Every structure is written in C-alpha cells, then in structure tokens.
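Following this line, the structures themselves.
Both complexes shown next keep chain A, but they swap its partner, so chain B is in the first and chain C is in the second.
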Partner chain A sequence: MKTFLRIVAGLALVGVVALLAFIFVPVQRTQPAEAPAADWEPAEGQGEYVLHASDCVACHTSDDGESLAGGRAIASPMGTIWSTNITPDPETGIGDWSYADFRAAMIDGLEPDGTHLYPAMPYENYRLMTEEDIRALYEYIMTEVEPVSNEVQETELSFPFNLRFGIRAWNWLALTHGPGFTPADVPELQQRGQYLVEGPGHCAACHSPRSVFMSQDGVTADEDSFLAGGVIDGWNAPALRGEGTDLAKWSVGELAAYLATGRNAHSTANGEMGLVVEHSLQKLTDEDNLAMAAFLKGIDGDAVDLPESFATAAGAIEVPAADSAGSATTEMLASADPDMPLGARLYMDNCVGCHFATGKGAPEIFPELQGNSMVVGSETMPLISVILNGAEVPSTAKRPMALRMQGYADRMSDDEVAELVTWLRGAWGNDASAVTAADVATVREADHGH
Partner chain B sequence: MARQEKKKDVVIVGLGWTGSIAGIELAQEGLDIVALERGHDQNTVPNFEYPQQIDELKYGVRLKMMQKPSQQTVTVRRNGDETALPYRQLGSFLPGNGVGGAGTHWNGLNWRPQEVEMRLRSYVEETFGADIIPEGINLGDYPVSYDELEPFFTQFEKVAGISGYAGNLNGEIREGGNPFEGWRSEDFPMPPMPTTYDSSKFRDAATAMGYHPFPASAGIASTSYVNPYGMQMGPCNFCGFCERYGCYQYSKSSPQTSILGALKRYPNFEYRTESEVLRVELAEDGQTATGVTYWDEAAQEEVFQPADIVILSSYQLNNVHLMLLSGLGEAYDPLTGEGTLGKNYAYQMNGGISMFFRDEEFNPFVGHGANGICIDDFSISQNDFGAEGFIGGSYWRSGTFNGQPIRNMPLPAGTPSWGAGWKQAIGENYGHAMSIGSHGSHMAYANNHLDLDPTYTDRHGRPLMRMTFNWQDNDLKMNQFMKSKMEPLAASMNPDSMRSGFKGEGAEYDVRPYQTTHNTGGHIMSENAREGAVNRYCQSWKAHNVFAMGAGNFVQNTQYNPTGLVGGLAYHTVNAIRTQYLSNPRPLV
Partner chain C sequence: MTDLPGYPSRRNFLKASAAGVALSGLAAQAKAQETTPPVPLEDYDRAYLTAAEWAFVMAATARLIPSDGDGPGAIETRVPVFIDLQLAGDYGTADDWYMEGPHDPDAEPARGWQTPLTPAEIYRQAIPVFDAWCEETHGATFAELDAERKDAALTSLQNGDVALDSEIRDFFTILLANTKEGYFADPQYGGNHEMQSWVYIGFPGARAAYRAWPERHNEKYPLGPVSISGERA
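Then we have the complex of A and B:
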C-alpha cells in the first residue's frame, strides 16, 4: 500500500514537475537553417512590399487608428483578440525588439519574454517565409515606420483560453511543418505564387479547413486539404481548388483581376476578402498577382494559360445571356406573371436592375448570383447582411471606383428577406438550403455591417 | 480679415465635369490642387439610392438636386427697355448643385458639333455670301477647328463612356450611323443602346421618307464599361430616371462614374465642399490672378486661397458672373459692341410634335434620357440658308425618356386641363403617345447678353448677374421650317391625332416653363482680345493664369446638347496647360 502511495505520489510529483516545466521552462526558438550573409541588405522597397504581401495592416490597424498601431478587434472562436501595436514605439509597440525577437514572433508565435501569441497571428503561415523577407520586414518597420504611442486593449479571453501556456501544446499539433519554403515542382512563376499564397499571403488561415483543435488543416500545397475551404467569422472562405468552385470557372486573368481589384467578370470581393484586397493585394505587382492566380489554377495539376495582362482599361464588356441552367428562372422572371413566388417578386422589385433576370449581373460591376459562392454558401449570414446593409468593394489602383451596393434593411422585413434569400438560393440552378425570418432577425440585430 | 489657406499650385472652382477633368489631368502632373465646390458632396450610394432617388415629386418637380435661387440666381429681362427681375423660382433652366454638378442630373445626350459649326461665319460667307447674314447677329468662327478638337472629343467620350454607332469613321460613311456627323477617329466606346418601340416606328417612317436615321449618342451604358482611368459603368435598365436625378445604377455617365473615384486617390488633390467662390483676386498689375476668395459655409467666414493657376469650372452662368465681379475683362456693351464679358449669351431653339395612337402601347416608363433614333437631315450642314432665310439647323429625335406621371403626360389638343374631362383623357392617352423633338441651334445676337444687375444683390452682397434675352427672328424662322418638315413625317405615321409645339414669329421668352439648361456664351473664345474673353485654349485674355471651362466659351450655341463640346474643349485646355503652359506660364496666344 505504502509502495503504491509512493508510486502515486511519485507520479503526481513527476506530473506537477512536468506541468511546471511545461509552463515555466522557456520555449526554444526555432533557429534558421540558413541565415543571409552577414553583409546582406534588403533591396530598396523590399520590406514595405513584404508588409503589403503579408497584409499586416489589415489586422494591426483599427478602423480610425494610425497604420500598424494596433487595437483592432479580431473575432476568434475563443473570444475577441485585440491586435497589437507593431510600430517601433518602445513603450507601446515593438521598438525594443531585436531581430531575433521579431523572427521568433513570425516563426514560433513567441513574444520576446517567451509568452505565446494567440494564433490569430498567422505564424503557422509566416514561418514559411524566407529569412530575407522577414529581415527586410523587420528593418522596414524599425527604420521607416513612424513610431506611434498607442496602448491597445489587453486581450482577455475567458478560462481556459486565458492560459497562454496551453498554446504550447496547441503548437505541437499545429506546427508540424518546419520553417522555410519548399517549392513544388511547377514553373518558376507558379512557385512564386505558391510562396506568396502559402507564406506571407497566409491564404490558408481562412481558406483551409480547421482541425478539431482549430489549427489549419492544410498549410502547404502538398496537402490535399490545403485551401479546401473554411469558415471565418461566419463567412465562407470558399474552396480555392476542386470541381464546382468559383475558381474552376475563372480564367487565370479573371482570378488575378479579382485579387488586384476586388472584382472581375463574375464576382466582387466583400467582407474579409475586401479588406485583403484593400490593404494587401492591390499593392502587389501585376506579376505577383498573376503568379498567385497561376499557382492556384494549377494547384491540382491542370494546365495554366497565362494571359498577357489583366484588369486593363477594357472599354465595353459584353453582358452575358442566361445559360441553360438559368434559363427557366430567367423566363419565369421575364414573364412578369403576378403569381410568381414572393421571393421572385422581391427580386424583381429590388435586385433585377443590376443583377438582371439572368442572374448573371454585369462583368466587373454587378456580381453574378448564379452559382455565387456567397449566395449558395453554407453560411447565410453574409448574403443576408449584404442585402440588409449593402456592401462595398474598395477603391483599388487599377479599378479606383469604390463599388457600393446599397442596403435594403429599411425596405424589406425579416420575412421578406428570408423569402428573397431562400428564392436566390434556389434560382438559376442554385441548390442551397432555405433560410428563416429568424436567421434574418439574428443578422439584423448583430448588424455585422460588412 | 479673411482667413488665408496654404498656397496651392492650382485652385479649381466647381467640381463638376470640367473641374474633375482639370483635377485629374493636372494631378497627373504632380501639381498640388484644391477644388472648391459650393454644394455638398454626393456619391451614388448613399445619395442616389433606390428607390428614394426616383421620387418624381421631390426631384422632378421640387428640384432637390438643383441650385436654390436663394443661394444664387440671375435677374431676367427680355430687352434693354425692361427692368430685370430676379429668377426666384427655377423654370426655364436648372443649374445644378453639389459635387458632380449638372453632370449628375443630365440626360446623357452627348454630341459633337458639326465641322461647319466650328467655323460658321466663314462657312456662311463662303457658301451663301455675307449678305444673307441678318442685322444684329454676332455670327462667329470658333478659334479652334473640329480637326484640332477631334482627339479631345474622342478622349472625353472614352472617359465619359458613350454608347453609339459611328456614321463617319475616318471619312468613311457607315450605314446605320449619322452620315452628317463630323469624322471620328474611332468608333464609340460602347455599342448603341437598344431601341424602344416609338424609336423604331420613327426610324421606319424616316427611312420611308428618304431620311437617314441613326441611334442617339448616349452617355448611358449599353454594356459593362471600364474607362481609361479604370472607372466603371454598369448597363442601364431603362428605368427612365435620368434628367433631374442621379443614377442609382452606375449607368449614366457622370463625374462620379467616370473620374472622381480615380481623382480622389491622388494625394496631391483635395476638395472642399460648401465652399463658394466669391471672386478671383488679381495681382496689383492686373495681369495675373493671385488666387480666389471663397465663403466657407461651415466656418461662416471668407477665406483667401492663393494659387498659381485658377480654373473656373463652375456652371456657365456662375463662371460669367465670377469673371464680371473679378474684372477678368470688360463688360460687354450691346450699344457699342465694346467689351467682352457677357457677350453672345445664347440658348437653344426647340420644338416638337406629340402623336396619339389609340391602339398602340408605348410603355413610356421604359426609357432613358438619351434614348432614341435621330435624324440630322435638317442640321446646319444640310440646310440651304440662302433659300430658307435663316442660319441654323436642328437634330430630331424620337424616343421615350420616361413615363413619369406628373410631368410626362402628353394629351391631345383641346383636352381640358382639369376635372373629369382631363381625368378621362389621361386614362385614354397614357402610354398611347409618342413624340418627335427638334433640338435646334441658337445664334448669338447683339441684344442677348449678360451683365451685372444694378439693383439686386445676393446673400454675399454681390450684384446678381442680369440676363437680357429674347427669341430672335432668325431662330424662330428656323423653328418654323422644322415644323413644316416634321408635320408631314408625323402625319405619315398615321396617328389618331397630333399636337405641334413650335415657337413662331413674335414669340417672347418666358422664363417659367422648363426649356433647356443649355445656357451658353458670355466668356466666349476668340482670335483676339477685342472680340472675346478667352483665347483658343480657354485662357483668359486678361490674366493668363486663369482658364475658363464650359459652355461660356461657345461663340454661339450649336444645334446639339453642349456636353460633348464642353468635354472636348476641357481636354483641349488641360492638354495646353500640360504641354505648353506649365513649363513657361504666359499667354499662349
């Protein structure tokens, strides 16, 4: 009995020691496999470009705040996480961080004192970036960004997520891939695209599914689940590969145009993707947006047709007619039969002017509703929210018009919006579930405002 | 003591079509620019939202998009013997207000002048002899030719996004287009708009009579469109709410759809709304301007905005008013013909026929402002002035604009204007009428002019501008000629009844009913400083760093809607500033 108690006590002690070690023994920072040469200097503009490619501004800037001074609320499944001030202000920003400190945040998700960052910071993806890019980014922030004194709100998640050491265990599950980039066996342009998509662009953070532990299921291109579609803050981040996806229907040029301008012949970027376009993608070179588009189109081994240019000042662009899948709906709408269903009538009274009886909209300006991933997505909040509150595609360099769709919250009741949405989700060959007035009421109350 | 703002390279007065053009083209030069706009800011969303915007009573009748007479107006008289009275209620013409200006609430009819209209005096003298020119007419040539302006017409049409079909492509006459138009170096940026039933009916009748019908050139999108600045339009849905409304659908060409989004991205450009320019300030020697003084509505104070270049791009009436108030030339004296400012104020001479067909359905609610099939068979280049006894011409158009019930309710002649008979006539006729319009030239005359009113002042204490204007025999004869030609065409369509509306001999100007907002002249272009206020680059003869945009430059009005010529002249002017003036600021002529 004594022996047994000793064993139990001993095991308990080992457990406590292990737990204490787990909590208090500092995490080792991952060391670079290959460091740049001692006299290495970033190219002119490289650091700022990496900042844009990594979309730092979107999260680290609040709505009315100074650029990179933090304070933006990031909704996560664990609660609200407040982004930090990453200007070189020594008191409230990262002014006293060494390069090794900065690198540890990007690669291992660690603050200088060893505290774990919440993985809202996509170090799962940033750890794939090259040493040169991380160095260039660090030097840009330290020498060219104006320090801003801005004390941001501490992130205070509820138990158990407030125990940051738990992330150490989470990292064992999430960071199964080493640091650094491994190019696939594809042409150079697509490799560049792969690098941008996997690393700085951190596309997988939204577009890959999440595992049961909420880590990214599919971080690199060699995994089948990579970019197979995810859900973020109630929005479908559509699959970027596979049959039946938007991308399968888009050309490389159309995809590049979507990335660079938030709009193309079929669709527009709303919600989170609108922010990515606004703060990141529109600032990249045409070649890089083309590289990402080419990589994504070729991800499953398909041949890639590279256009010479995209999003040019195209002049007149013909408006498509209804296709066979949509013709029955188009004819029903055009019949103007007063007995048509309420959803269809609401469409005629509110939507048809821009999106047309064909459901095809008009290239570059009015998105197609037939097969639109937002219209038929598993998440219905975005579509309901757009109808209630409107939407805006940001002004971009190549397409400077901020395309605003007005909201209809004042014009339609919850019942009517539900009828309309349900109808849209079944029109022109769309085949998605119905929504209820209660679903609409929830969105109206939450006022997502995307 | 006025507040003083930091000096700018360029100050732009008024942010409509021409102010936006000057803004973006000069911003591309890296110049530091401020635009001052009297009115409010406005964008498609939220300002033109559906369905609030398509409220005929509010916008069509109560004119909520327009300048308020309490803000700014003119006094009007028909001749020098009358006492001018303030235009206290908008009627005959409707100046706009706010960012985008009249470019937000126009119909979208975009035309180029004919080649001969740019050199009308020479054409008349060469073709018919100087002795046919009536007494009292200030017939002139523009100091810039059609050929010189052609690239700039093309540039404006690409920016504005115009739908149509070229009838004269580099000299080649094309079936289905306007054979009498000036040559085009390129086809229209967008294909023509589809045709409504009334237009088709008109086309068939015109063809049968040997005329040459063609689709109207429309600042209305027939497809998706991306212009050279990357700005965009979406295809029109024929809702019929163009004139007097902002377009909720990005389909009507406007500064908002064509320029402003691109312009606002330039860090060297800013604009201030609720900022009404009161005068242009001149240097002590009077040879250049030093900037402008404006009224800051929010701060309720006068502000001096120094600048190296002043662009006057407010509405024609405001431009002339500002130039008169600022001494940018001498006021025109109709008795002596001396002076230039206010000279050659002109307008438009229009008429038309409504036709009623009991058994035809026209669905007039399907339309747009620039809808229709036109003919130019009675245009300036086609008329025999010697034989007919007038100088001028018109284009005809048939196509429903809208079916708005308050203002668009044509009824047969003899219908009671109220009561049961009126109601019955509406029931019988709504949707069963179509019309043909004649949109005619208006010459400039010694007696029609603008100057400062001796009695009335505005809210800033400035004298109002006075308009002295009446119809003149030459244009009325032209109008009656059109009536004589149009009635047989209308009759050939076999309506149950028809009703003509053409002003004739003895007609006097009535400022109450709406006619057109094509007010032109007053700071006209000229070969020399004696004859006009600005040179061929729309540069002030008086102060070389002042450029005046808009229809105030028109030597006399053309037979067409003015926007195409206004846009072409604006690009011609900014091109001269960019290529000639900036490197060496001086009088360019």
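Then we have the complex of A and C:
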C-alpha cells in the first residue's frame, strides 16, 4: 500500500512538474532554415509591398484610427480579440522589438517575452513566408512607418481561453508545417501565386475549413482540404477549388479581375472580401494578381489559360442571357404572371431591375444570383443581411466606382424577406434550403445592435 | 350611420373597391399585403385644412374625379388626405420656391406662379370666396349643393365666372392639378389609396424593369403595381 501511494504521489509530482514546465519553460523560437546573406538589403519598396500582400492594415487599423496603430475588434468564437499597435512606437507599439522578436511573432506566434499570440494573428500562414519578405517587412515598419502612440485595449477572453499558455499545445497541432515556402511542381508564375496565396495572402485563414481544434485544416497546397471552403463569423468563405464552385466557372482573367478590382463578369466582392480587395489585393501588381488566379485555377491540376490582359477598359459589356438551368425561372418572371409565387413577386418588385429576370445581373456591377456562393451558401445570414442593409463594393484603382446596393429593411417584412430568400435559393437551378421569418428577425435584430 | 350630404356613402366606397378588385384580377389582389384599413375620411385628423375647408375639398374632389364612373373616384383613393398633407408640408408653404417677389398677380399665366400667396394661403383665401359665391348664386355653400349644381359651380369657377382677386385667380387650376396628383401619386403621400388608380389604368408602379416587354405589342401587362414602399396590389 505504501508503495502504491508512493507511486501515485510520484506520478502526481511528475504531472505537476510537467504542467509547470508546460506553463513556465519558455517556448523555443523556430530558427530559419537558411538566412539571407549578411549584406542582404530589401529591394526598394519590397517591405511596403509585403505589408500590402499580407493585408496587415485590415486587422491592425481600427475604423477611425491611424494606420497600423491597432485597436480593431476581431470577432472570434472565443470572444473579441483586439488587434495590436504595430507601428514602431516604443511604448505602445513594437518600436523596441528586434528582428528576431518580429520574426518570432510572424513564424511562431510569440511576443518578445514568450507570451503566445492568439491565432487570430495568422502565423499559421505567415510562417510560410520567405526570410527576405519578413526582413523587408520588419525594416519597412521600423524605418518608414510613423510611430503612433496608441494604447490598445487588452484582449480579455473568458476562461479557459484567457490562459494563453494553452496555445502552446494548440501550436503543436497547428504548426506542423514550415517555416518557409515549398513550391509545388507548377510553372513559375503559378509558384509565385502559390506563395502569395499560402503565405502573405493567408487565404486559408478563411477559405480553408477549420479542424475540431479550430486550427486551419489545409494550410498548404499539397493538402486536399486547402481552400476547400470555410465559415467565418457567419459568412461562407467559399471553396476556391472543386466542381460547382464559383471559381470553376470563372476564367483566369475573370478571377484576376475580381482580385484586382473587386468585381468581374459574375460577381462583386463585399463584406470581408471587399476589405481584402480594398486594403490589399488592389495594391498588388497585375502580374501577382494574375499569378494567384493562375495558381488557384490550376490547383487541381487543370491546364491554365493565361489571358493577355484583364480588367482593361472594354467599352460596353454585353448582358448575359439565361442559360438552360435558368430558363424556366427567367420565362416565369418575364411572363409577369400574377399567379407567380410571392417570392418571385417580391423579386419582381424589388430586385429584377438590376439582377434581371435571368438572375445573371450585369458584368462588373450587379452580381449574378444564379449559383452565387452567397445566395446558395450554408450560411444564410450574409444574404439576408445584404437584402436588409444593402452592400458596398469598394472603389479600386482600376475600377474607381464604388458600388452600393440599397437595403430593403423598410420595404419588406421578415416574412417577405424569408419568402424572397427562400425563392432565390431555389431559382435558376439554385438548390439550397429554405429560410424562416425567424432567421430574418435574428439578422435584423443583430444589425440593429451594431 | 349618416352619410354626409353629397359624399359617397360607405356602401359606395365598398362597391367601388370591389370594382377595383374585379379590374385588377383576383389573383394579384390576393397577393396584396394584409393592411389595416385607414381611418375613415370623416374621422381623419386634418394637418392643415379647417373643418369647412375639408368639407369643401371633400366635395370638390368628389366631383372632379367622381366615384360613379368606371374607376375609383377621388374619395376612395383618399385624394383629400393627399391635399391636406401637401398643404401642411413643403408644397403648401412653397418652401423651396422663389417667393421674394416682385410679384405680378396679373401676369400672363405662361409666366408661372406670380401671386405672393403660397398654395396653402390660396386654399385658405379662395374657399370662403367661392363658398360665398355659391351661397349667393345657388343658395348654399358648395359642399351642401347637389351634384348637378356642384358641377355647374365648378364650371363657373373654371371659366372665370366667379370673381376672384388676381392673387387667388388660379385656384381652380391648382385644385384640379392637386386632385390629379393625389389620385395618381405614390400612396406614401396619402392619396392613391391601395394604388387603386394605378390598378385602374394598368400602371405597374415602381417596378421599373420591363426588358422582356418592349416587343410584346398589344399584349396586356398582367402583373399588378408595386408602390415605392413595397405595397403590392
């Protein structure tokens, strides 16, 4: 019996020691596989370009705040995470961070004192960036960004998520790749696209599914789940590969135009993707947007047809006619038959002027509703919210006209919006579930709360 | 209930509404929203007009667009409400018009609004003058006359046979225009109740999308109207 108790006590002691070690032994920073040459200098503008490609501004700038001075609320399933000040202010920003400190944040999600960053910071993806790009970004922030004194609200998640040492275990699961970039066996342009998509662009943060531990399921291009579609804050981040997706129907040029201008022949970027276009993608070179489009279109091994140019001034663009899947709905609407279902009648009374009886909208202005990932998505909140509150597509350098859809919250009741949304999700060959007036009421209520 | 003299009775109102239903096609009507009926005109809480002015506007508009014709009249479509609200609002006060003068009320009509009075002031000044003329000529105020005499009185007013000061000489023109406006305007302004006038003439309202229709000659567009606020009929 004594022996048994001794064993139990011994095991308990080992457990306590292990736990204390887990909490208090500093995490080792991942060392670079190969460092740039000692005399390496970033090219002119490289750091700023990496900043744009990595979309740092979108999270590290609050709505009314100075660029990169932090303070934006990032909604997460665990609670609100406040983005930090990454200007080189020594007191409230990262002014006294060494390059090794900065690199550890980008690669391992560690603050200089070893505290774990919440993975809202996409170090799962940034650790795939090249040493040169991380160095260039560091030097740009330290030497060219104005320091801004801005004390940002501390992130205070509820138990157990406030125990940041727990992220150590999470990282064992999430950081099984990298650091550094491994190009796939594809042409050079597509490799460049792969790098931008996997690393700085951190597309997988939204467009890959999440594992049961909330880590990205599919971080690199060699995984089948990479960019297979995710759900973020009630929005579908659509799958960027596979049959039946929006992208399967788009050409390389149409996809590149969407990235560079927030609009193409089929769709427009709003919500989170609108912000990505506004703050990041429109600032990249045509070649890089083309590279990402080419990589994404070829991700499943299909041949990639590169266009000579995209999003050039084209004059009048023809409005597409109905296709076979959509012709029955189109004819029913065009008949103006008073016996049409209420959802269709509401479409005639509110939507048809822009999105047309074909449901195909008009290129670069009115998004196509047939097969639209937001219309048929598993998450219905975004579509309901757009109908109630409208939507905005940002002005971009190549397409300066900001587009605005009005909201219909005053024009339609919850019942009517539910009828309309349910009808839209079954029109023109769409095949998605019905929504209820209660679903609409929930969205209407949430939007009032903002 | 006692019907006000000369006004269409509630029964006539219902009959006229029923005619509207028949004209618009039962199916479209069935898809109109369920709405609570508005307050009856006789209980309406006026925004600008006095009781006597209201009685006149009710009686006059009921003759300008009568309820016993093919389509709905000014009363079922609540044109008096439209006029009352307009006179209480920016139109009545000529809020965004140039009203500083110089005014020349005797100017040719082609020279536009030359009176120093606002539309609301013209109603206020002209109605008592016209009612006095009716009493003198026909023995009662306008609202108390029978339909035939009302028509005769309005014809005299239109032809300039009622002596009116230059400042209010255009009263009939204004009244007729406002009556038409109340009949055909979007229902959000108080008239064209339930879009009855649009249903009657086959105007589909604020839909503004007929790409499938320009080539379809001599074919009736069957779908009922929608208002700016989304009402269906």
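As a working rule, the second predicted complex is superposed on the first by the 447 of 450 C-alpha atoms of A that agree within 3 Å, B and C clash if a C-alpha of one lies under 4 Å from a C-alpha of the other, contacts with A are read in each partner's own complex, and residues count from 1 in each chain.
Just so we're on the same page, contacts are C-beta pairs under 8 Å (C-beta built on N, C-alpha and C of every residue); 3 or more make two chains touch, one makes a residue touch a chain.
Because the structure is predicted, anything quoted here is derived from the model rather than measured.
Peer 1: Does the superposition put A:G353 against chain B (first), chain C (second), both, or neither?
Peer 2: After superposing on A, A:G353 lies in contact with both chain B and chain C.
Peer 1: Classify the contacts of A:A434 with the two partner chains as first (chain B alone), second (chain C alone), both, or neither.
Peer 2: It touches nothing on chain B or chain C.
Peer 1: Per the overlay, which chain contacts more chain A residues, chain B or chain C?
Peer 2: B
Peer 1: Touch test for A:R345: chain B only (first), chain C only (second), both, or neither?
Peer 2: Only chain C is touched by A:R345; chain B is not.
Peer 1: Which partner does A:I232 contact after superposing on A: first (chain B), second (chain C), both, neither?
Peer 2: In the superposition, A:I232 contacts neither chain B nor chain C.
Peer 1: Does chain B (first) or chain C (second) touch A:A336, or do both, or does neither?
Peer 2: Once the two structures are laid over each other on A, A:A336 reaches chain C alone.
Peer 1: Where does A:V27 make contact in the superposed view: on chain B (first), on chain C (second), on both, or on neither?
Peer 2: It touches nothing on chain B or chain C.
Peer 1: Would you check which partner chain A:Q406 touches, where first means chain B only, second means chain C only, and both and neither mean what they say?
Peer 2: After superposition on chain A, A:Q406 lies in contact with chain B alone.
Peer 1: Across the two complexes, find the residues of chain A that touch chain B and also touch chain C.
Peer 2: Common interface on chain A, chain B vs chain C: 350, 352-353, 411.
Peer 1: Considering only the defined contacts, which chain C positions touch chain A in the complex?
Peer 2: So the residues of chain C touching chain A come out as 25, 27-28, 31, 207-209, 211-213, 221-224, 226, 229-230, 232.
Peer 1: Touching residues of chain B toward chain A in the complex: what are they?
Peer 2: So the residues of chain B touching chain A come out as 43-46, 49-51, 158, 189-191, 222-235, 237, 239, 248-250, 257, 261-262, 264-265.
Peer 1: Could you list, by residue number, the parts of chain A that touch chain C in their complex?
Peer 2: Per the touch definition, chain A meets chain C at residues 333-340, 342, 345, 348-350, 352-353, 356-357, 408, 410-412, 416.
Peer 1: Residue numbers of chain A touching chain B in their complex, please.
Peer 2: Residue list for chain A touching chain B: 311-319, 350, 352-354, 362-366, 390, 395, 397-406, 411.
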